[in-house]
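Chain lettering (A, B, C and D) follows the sequence in which the chains are written, and residue indices restart at 1 in each chain.
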């Protein structure tokens, strides 16, 4: 994390002339990177699941399908196929301390959400329901939105098990 | 190896009433087990290869096919698909110190040969040309002819890479 | 500027998100780690050698009703796993090389909590565990759950004894020419092991778990002519084995010496002629309440076909020794049965990585099949 | 008795086998270990992350003519590999956990002899190497082969410098917001790295290999609007990159600051409208003698399609900047070209694990395809 205070940081901020949604996301990613995410405790509502029950055939609402709307930038194995859920790691694993971020469109409310793709770490790799979606994904020079890397890298166990897709906010207000 | 001198050894010898070819093989296996095999240096003649060239369609003479005659009790990956040969380990690996033994019928001369299935050890597993043949194979209570075990177990690196099938003798003379 | 953007982005990770939440239809998630759900009688434990990367073998835990995978446990290098009698812990006999495929070999028994799947303890043992395909019998606890016996191979055969309660290695016991661990249920001070000379060796242990006495049974099978599969189905003090040629052999392991019952054939003379034989890695299962056994069978069997997948699964009644059902085999190499009421039979195919489920309350009735499960799995245990 | 049997069995392993040999038509084998055969210009090095067991990643060495696998090198946990300029050694940037997936993380550069594939040296480095998919640029040597630069991520980006001749770690250099290592061929005292703000950072090193000076280029790409793939094709001091939307960008990295040429498009306006874009993990290759570039292209591209496999492979002439060939893409995600005369292009498909070979001396002519090669490979180097 020391590198973020480096002498290039100020320069790279200046270099960004336009504030697009995507670059804002990239920055959010950068801030999230290297930070243990302390998510607020909010009512645990599985709206996606409820909708999925009603529209069983729409894979955009099936959280075990790669087409599920929150997975628009997920490269990895779905925790929903590995004993976890859309926002919970399977037993015996731990939540990654760092993460990458996607911006995904929810077809149910027409809004864009910021999705934190936390890896679940420790033990073996799940190797079930492998997905590779890359909307908004960028190479490692935009680390916060890069998904070709093991986001368990900062945990005590670097083993990668699977990936959850947690809503961490809405990207709506930056559209203007 | 100390166990072979154990008090049960004599008793188990007496228990074997009939001397079948197979039990003799099992004993040979037992003797080979735990012993670094020092094979005599003999002319290196790839008769199998030469025959294979002539009868390309007979898989019994294709040393990259599971049906190759020497592979009658081989459970593992063929070194011939991994940068080795029928009796040579691929680069960077080492020959297993212990081994299991099969008795295979050579369709070209009608004779039965003793085949030493040496594993090649170290590095990653080759994972090419997996075969599972079990003629004369027995559970671990007949360790010398058991193939559900890693025969790199006695090497400094226990990693299993692939398996060769070396002729170590003929089984002919025990038929009578 | 950066902070301004973040606030606009409404990121719950960075700032309190209460004001943000009202704009969104999907609430902000709290990321958690699950425990296993309460166990059912159909919970399955599938041991996968993962042959192509066997330094990294694994256990898959599967809900036998939904066939959903509900968890995994890392088994290290060709690890073997057993449940404690009270199902509270998973015990793993394994090893680690300090640099993956080289360096020092560290032998240990790993203890996992069976609800959280967290590693609870690591008990150091001699680095000799059998680096082999998973089979029941590579690690077993005594009936009281205190002692743990683990199969070694260097390739000389020996058994490591661990005191699980004291958390320490107790003894290494030579078992030359013998293989796999069989424990009685009525006593906790002994184990037996099958020997290549056609006998069973019983090792009696002292209070600490050290070897006190070894006794061999009479010879009851012939490893040359008709070998026994080492994966036996247990009921109380007895193990039921099947042989390569299709005979059933039950052995009681409660005494100072093991006692074998008279064998009986699974196959008629005509079936034997057609080459019907048992096959696979775990070819026989037993339902405790009915005593019925279930065997994966293939036709045209011959020397060397003993790992062939099942063309059919046959069910037998123990009292009459008669076949009561035969159903398609789903390529099974591993058969397991649940306990108690409403029994189910599970048939796993090592080749197809598939799992078929049968209702075994009457005749075998196929319920469902799903895949894939694992890479090269050869052992299946039921809760 | 035992000895008698052995003699009858004529086992070369136990006794001298001279008298035995006369009975057998197949001679007794001497088991040996091979070296790699002499290298050809078509020898291939395929880096496989083996995602399902990435603690155990690997390099496959393939004869690009026969498409036979001729060797493997263990890469440890998500290891990255490069050849030394003289092709005598393979250098691996990797890590080991002392207990496979836990314990201490050991960072090191492993050195393998490129003929025997034996481990020659292990050089200790900070345990920070980038645990990521294999890409060219994760480990590179200076042109003279002395210094080795390795990409780190904690996830903060930095570059480890090793003195290969001295066999020791030299420095860790912060490269915030920048990624991948690009080295010139005319000088050996610097490396460059691509930065998310659209520039390239050049770090000049002192005689020891420690950082002396850092300079950023002018901005020449926009990571939001049209990002560059980081896998560039090198010719002398220049790297040729392609962008997500299909522009070609060549950058010279020999100076104190990197100098970008004017970009040019791979696609016509009509092709752009049809969504033809580059895709994959190593989307561009360059043949040194002709300067021709080869790009994996897919139609209907859009935001997020940048890892899509090739529907076609397009070849371009560098002088005219015109397309000279388009051929079926064989689902390629990784493109590589041989050097010198009689060029061949190799197209690997990560999804299909297949490898297609083209004669690239004229227009691209498909020669053969074979599979499978590896589990999840994303980098292909040619001798």
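The working rule: a residue touches a chain if its C-beta (ideal position, glycine included) is under 8 Å from a C-beta of that chain, and two chains touch if they have at least 3 such contacts.
Values in this document were obtained by computation on a predicted structure and should not be read as measured data.
Colleague: Going by the contact rule set out at the top, which chains touch both chain A and chain D?
Modeller: Both-contact set = C.
Colleague: Would you mind checking which chain's C-alpha centre is most distant from the centre of chain C?
Modeller: Farthest by centroid: D.
Colleague: Rounded to a whole Å, what is the gap between the Cα centroids of chain A and chain B?
Modeller: About 50 Å, centre to centre.
Colleague: How many angstrom lie between the centres of chain A and chain C, each centre taken as the mean Cα position?
Modeller: 37
Colleague: Chain C to chain D: how many Å between their CA centres?
Modeller: The computed centroid separation for chain C versus chain D comes out at 41 Å.
Colleague: Residues of chain B touching 2+ other chains?
Modeller: 122-124, 159
Colleague: Can you list the chain D residues in contact with two or more other chains?
Modeller: 52-53, 55-56, 74, 77, 101-102, 119
Colleague: Sort out for me which residues of chain A touch chain D in the complex.
Modeller: Contacts found on chain A: 1-4, 6, 8-9, 11-12, 15-16, 18, 20, 22-23, 26, 30, 33-34, 72-73, 98, 122-125, 127, 130, 132-143, 148-154, 156-160.
Colleague: Using the touch rule from the top, collect the residues of chain C that touch chain D in their complex.
Modeller: By the definition above, chain C touches chain D via 50, 52-53, 55-56, 74, 76-77, 96, 98-103, 106, 119, 375.
Colleague: In their shared complex, at which residues does chain C touch chain A?
Modeller: Within the complex, chain C contacts chain A at residues 1-2, 5-6, 8-14, 16-18, 20-21, 23-36, 56, 58, 61, 68-75, 112, 115-119, 375.
Colleague: Quick one: which bits of chain D touch chain A in the complex? Just the residue numbers, please.
Modeller: 51-55, 77-78, 95, 97, 101-102, 105, 130-133, 135, 151, 153-158, 174-180, 193-199, 201, 214, 216, 219, 223-225, 227-230, 281, 303-307, 378
Colleague: Applying the document's contact rule, which stretches of chain B touch chain D when the two form their complex?
Modeller: Residues 13, 19, 24-25, 27-28, 31-32, 35, 37-45, 47-48, 81-95, 106, 108-109, 111, 113-114, 116, 118, 120, 122-124, 126, 128, 159, 161, 164, 166-174 of chain B touch chain D in their complex.
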